[in-house]
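A quick write-up on the structure given underneath.
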Amino acid sequence: MKKIEAIIKPAKLEAIKDALAEAGIEGMTVSEVKGYGKQQGHQEVYRGVSYQVEFVPKVKIEIVVSNEEFLKQAIEIIKDKAHTDKVGDGKIFVLDVLKTIRIRTGEEDTEAL
Amino acid sequence: MKKIEAIIKPAKLEAIKDALAEAGIEGMTVSEVKGYGKQQGHQEVYRGVSYQVEFVPKVKIEIVVSNEEFLKQAIEIIKDKAHTDKVGDGKIFVLDVLKTIRIRTGEEDTEAL
Amino acid sequence: MKKIEAIIKPAKLEAIKDALAEAGIEGMTVSEVKGYGKQQGHQEVYRGVSYQVEFVPKVKIEIVVSNEEFLKQAIEIIKDKAHTDKVGDGKIFVLDVLKTIRIRTGEEDTEAL
Amino acid sequence: MLDTGNTAWMLVATAFVMLMTPAGLALFYGGMTKRKNVLNTMGMSFVAFAIGTLVWVIAGYSIAFGEGDFIGTGKIMLNGITDKTLSGSIPELLFVAFQGTFAAIAVAIASGSMIERVKFSTFCIFSALWILVVYAPITHWAWGGGETLNFGEMDFAGGTVVHINAGVAGLVAALILGKRAKADAGVKPFSPILAVLGAVLLWFGWFGFNAGSQLASDGVASNAFLITNVAAAAGAIAWLLAENIMYKTPTLIGGASGAVAGLVAITPAAGSAGVDGAMIIGLVGGFVGFISVNKLKNLFKVDDSLDAFWVHGTVGIWGSIATAIFIAPYLMADDYNMGSQLVSQIQAILLTIVYSAVGTAIVFYIASFLGGGARVSEDDESEGLDESTHGENAINL
Amino acid sequence: MLDTGNTAWMLVATAFVMLMTPAGLALFYGGMTKRKNVLNTMGMSFVAFAIGTLVWVIAGYSIAFGEGDFIGTGKIMLNGITDKTLSGSIPELLFVAFQGTFAAIAVAIASGSMIERVKFSTFCIFSALWILVVYAPITHWAWGGGETLNFGEMDFAGGTVVHINAGVAGLVAALILGKRAKADAGVKPFSPILAVLGAVLLWFGWFGFNAGSQLASDGVASNAFLITNVAAAAGAIAWLLAENIMYKTPTLIGGASGAVAGLVAITPAAGSAGVDGAMIIGLVGGFVGFISVNKLKNLFKVDDSLDAFWVHGTVGIWGSIATAIFIAPYLMADDYNMGSQLVSQIQAILLTIVYSAVGTAIVFYIASFLGGGARVSEDDESEGLDESTHGENAINL
Amino acid sequence: MLDTGNTAWMLVATAFVMLMTPAGLALFYGGMTKRKNVLNTMGMSFVAFAIGTLVWVIAGYSIAFGEGDFIGTGKIMLNGITDKTLSGSIPELLFVAFQGTFAAIAVAIASGSMIERVKFSTFCIFSALWILVVYAPITHWAWGGGETLNFGEMDFAGGTVVHINAGVAGLVAALILGKRAKADAGVKPFSPILAVLGAVLLWFGWFGFNAGSQLASDGVASNAFLITNVAAAAGAIAWLLAENIMYKTPTLIGGASGAVAGLVAITPAAGSAGVDGAMIIGLVGGFVGFISVNKLKNLFKVDDSLDAFWVHGTVGIWGSIATAIFIAPYLMADDYNMGSQLVSQIQAILLTIVYSAVGTAIVFYIASFLGGGARVSEDDESEGLDESTHGENAINL
């Protein structure tokens, strides 16, 4: 099993979720994060003092998938939907998952997803 | 070392924390997330317009444990306490951890936990 | 590629970010979490009722690095900057990352970082 | 002769009505908006009050309360009015201030139909023009000395002049603007706390609105005060009960909306109804509002975002008709004729609907032209107007 | 004869007191509640005002201010009152409205003891019954012409009638309800911002409450206004100092609570104390409140969630006794006898405590029966009443 | 003779001005602060009002309005004043209360310069001393009967006495305090919602401030009311336009600040300007505020955190000068001489600046000494004063 962690622009979440659901990938966990990277935040002026906002609001999506097939599909969908060609589109990381359990039933691994 | 990532119902956090502490597992990191899965969210009506709330508030618990013993125990406790038999109880994922450092002392791995 | 997950005191974030940036590590993702550990929270009194606040606000930093060199450097910086010698300074975990993709360009792994 | 008691009351009543727009309505609307548009929504009420205030003293008051049949003239920049000029027993300058707060709230009510997409600059221009072209003439006919277009309607505090007028204006503007990108996806309102606080400030300010419309601190004003309170309470209870029956969840936004509906309903009747009439007017008002927002609205395809028409419009019509029906014996003229009064009410309602609809449409097109378009870009809409228009964030945690 | 100045003041005073319940108390209590129960808590104050308003004009006013010794009668639905009927120099309809806001706030204060667990429907029924069965009779004896049960106590603005009464009612209701599931676990209050804003609105409204109780805009009202302000300030300072000494952290919720305590303390004395007396009454009031909430409370096992009794009850008793002690020379009757006045005060306090306790218990059981239970289910309590009762969320970020 | 109408108005006006400090200013300032210092910032306004109220009746009023040339005496603890003593046509006790709210808001305005670092205890002591040593004497010279230091300046409602005075005091305190640790890093204001609500409550209260300064409900008060509203609206529009031109983003905090600037500007002129003058005074006032905050400020190295000087100081100076220039014909004395009046205005401005600067510096050093230091520790500053000083959190989600 693999886990995808994608850092994306908040506005893209819904499109990704819908596309994943259509492809049969129906589980994910989402959280709000702040990103720091090449996208340098922006200059703001507040009461005459200007300053740099360095952290940019992002959304992190975590998806655990049971096989390579789903992994590839999910990555493709995210790449496709999160893409705007502008700096700050985000990153996809893939990690290994040793075990998965569905709390409700106790099912494990592939059945749990 | 292994890392447990459990996605649970927010109301279950306290019971799990207490049970883990009793079992001697006294470190964890908790964050608020939104989940999407079989639990389909719910229909809401607001000013006469009804719509689907698809993301459900969940809590993510991260626990790094130093050995299989603790891993098993922690999983059992979470399964037991987070369980309501209703859809949306959540999932437990296990990942591998290569290294742990306690910032305060510089201790590493097992001693750091 | 490795992923660093560091749980730190919120006040230390800026110093760490600045030091990492200086060292050429310019990507990271930050989120607000609550920690439970040896640092036992604190006693609070509210309207004459005293109680224990067990979860302490922490910040989680996630940094994916492409090689051991950066990994070591990043860990040293975090240890150095997050250090206060008081309980609750936090932990650093290192995990393995199988793959990285930059959404904007489709670049993979080392180039994506 | 100036009466210090009446003047004291009117100073306060004016301040109360002032509070309704940049605080009451701003919070009521702001709390019901999506998080990313809270400030823009509040900003529209705020700026409507600022612009309305200026436009009113410059020319609005002259059009509404100057001499003339179809339109008033002669009081541009309050020409000829000094601190000694009286309106009845209060200084005319105070009457100017009092009436100005009505103009401002009318256009702010209409802003509720346009939120989450209208261009801020366009709305600013719209506010100024609308008060001059739509609000001031209607006021002139009802209260300002217009004869030909005054049908003898009873409109004590602005049921027709303010509420039906503003509701129709909102609906027309929403129609021209088009729907929000995700109008059907539903909204999580930012915070019912703000919406309730806003509604309560509206309720509070409405004492100035209704009891102030007597322009004196006397028995009729006291009656207006009491029945305003009763109708608001009845409206809130009616809406909560309806929600409880239909959805099993009485909501705070429902209670707040019901209070507003009760207040809208009693507005034209505040000078004539008794406490029993007020109870009926308020209860039915709350119920009409509930049905309008939860049922009627869905029969139409107009994205009246915060239901300006479905509360102020429909309930305003109910209130205006009810005014002719529920009159306290001690406030009824000896020769009162309900039939002919009902005809007057309906004539005034129809005139207001037609004039407001046409006038608003014209004014809205002009404002869009001058403001560089009616709507913000799709990107700005999806990012939220707080960030894209104002560069601000409702709350920085 | 109607006095326009007095009437102007009473119109405003009534609006001020109105604001105290659905805004002041709603925010004060809402801000101190757990995040998941904020709306429900605010909703109770809101609905208490709406229900109280209706019940008051229907029958409450008649019981409180109708003719009769033990109970008033004859003014159901304000029977016989017109816009020309006067109460002293103001319209009686205005007096009705003014007094109605007192009834509403009393039951809303009591809601603070029941939050986070009481069923909303049960509380609604309770509100209506309590005003009729408990509040209106006590008012009748103190202010409404009851003779047998009037002991000649000094209670200018409702120290006994409103505050002790409401505090006792809250305590009894909390006792019957039982503790919240995690009553001892402590609470992070949702937002001190709201609590402070609420307390300030209470302070503001209290000018209407206390200075309005003179029913005229004169020297006594001005004295009442000034000393109300002084006592509130003194109460706030006393509580902050006590916190600073005991915990090293002067809190905003402490300052807000202290101001409320000072206001409660001065209420019965607002018509008779001078500025020096007010300072003492306020300082001690703040201190009594602090000790009650931080020490006395823990000797009892009743989960009076927001300390309605420990502020309004205990401090109310202090205020009532202090009223007989601290009288400004220029407001003291020539034949004033402190000893016999103290006896009167204590008699009135005891009567209020006993009647309120018994009456509240009976009414609460009836309400629970009619409302289908006193408490929400354990699951609903743990989920939070905002979501489970209202389907709403205090803030959607 | 007591006039009930005037007294009614002044009761209300006093309540209005009261609301400005612990609600209006507390929210306006609190909303613009960093999240971790919101409560501390609000707490300073709250406690300034409480302390100011007590200090005022104890000795401040005596210094300001007692007999004497350089300083007043004889009214310690309101000695000799009863409910029957009049100030013109209203009770003197009411005049005491009204003027006390001015003292409190002045020191609360100055708190805006010190936030995010000043010690709470030090600020408390400072408030008390500053009112006695700086505010009360300046008031005595301008309004209280002082002769030698009264230059015949026109200051209807406190442009010099309150605003320039408070602005200078803030600047001096900020200078002595030193910069915040990250003063140049910019701030995300906690919530523009609170800032706007606060500004609107200031606007609302300012009706009491300006129209109340007439101490009567008459034509001049009505004129003051109307032009206060006009100037606030004009100030808001001016600031929004300037922002739009310079940054392309008209902000809500800008609109709110502009309204406050307009209000500051019209304050001294509220008794003499007409509607046209008010429009100019307000527009220029908004613009002066904008330029001060966005340009002038950066020429200096003082960390006046919330720009107390750059709004109240600079705009106050503009208003004071404008007062001599823009006078309504119907309010102008027959022998009015603009030249000599301008000299008077400038003399009063300079006196205020010098005395306030010196007095504030002395008082601030004394307060720092008594309070155990001027600033909190670096750690406490970086943790935020809400947690470190009060042990509270603005919002617990």
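Every chain is named by a letter (A, B, C, D, E and F) in the order it is written, and numbering of its residues begins at 1.
Keep in mind that, in the parts below, contacts are C-beta pairs under 8 Å (C-beta built on N, C-alpha and C of every residue); 3 or more make two chains touch, one makes a residue touch a chain.
Small disclaimer: the values here were computed from a predicted structure and weren't measured.
Separation of subunit A from subunit C in touch steps, taking the shortest path, is 1. Touch-path distance (fewest steps) from subunit D to subunit F is 1.
The mean-CA centres of subunit D and subunit E are about 33 angstrom from one another, to the nearest whole unit. Subunit B and subunit F have Cα centroids separated by 52 Å.
Multi-chain contact residues of subunit C, defined as those touching 2 or more other chains: 31, 44, 95-96. Of all residues in subunit E, those touching 2 or more other chains are 3-6, 8-9, 12, 188-189, 247, 253, 391, 395, 397, listed in ascending order.
Taken together, the chains touch in the following pairs: A-B, A-C, A-D, A-F, B-C, B-D, B-E, C-E, C-F, D-E, D-F, E-F. Against subunit E, the residues of subunit C that register as touching in their complex are 44-53.
Interface residues of subunit F, counted against subunit E in their complex, comprise 2-9, 11-12, 14-15, 18-19, 22-23, 26-27, 30, 38-39, 42-43, 46-47, 49-51, 53-54, 57, 77-78, 82-85, 90-91, 93-94, 96-97, 100, 120, 194, 389-397. Of all residues in subunit F, those touching subunit C in their complex are 382-383, 391.
On the subunit F side of its complex with subunit D, the touching residues are 3-6, 8-9, 12, 16, 35, 188-193, 196-197, 200-201, 203-204, 207-208, 211, 216-223, 225-226, 229-230, 232-234, 236-237, 240, 247, 249-253, 255-256, 259, 275-276, 279, 328, 330-331, 395, 397.
Chain contact summary for the complex, subunit A toward subunit D: residues 11, 44.
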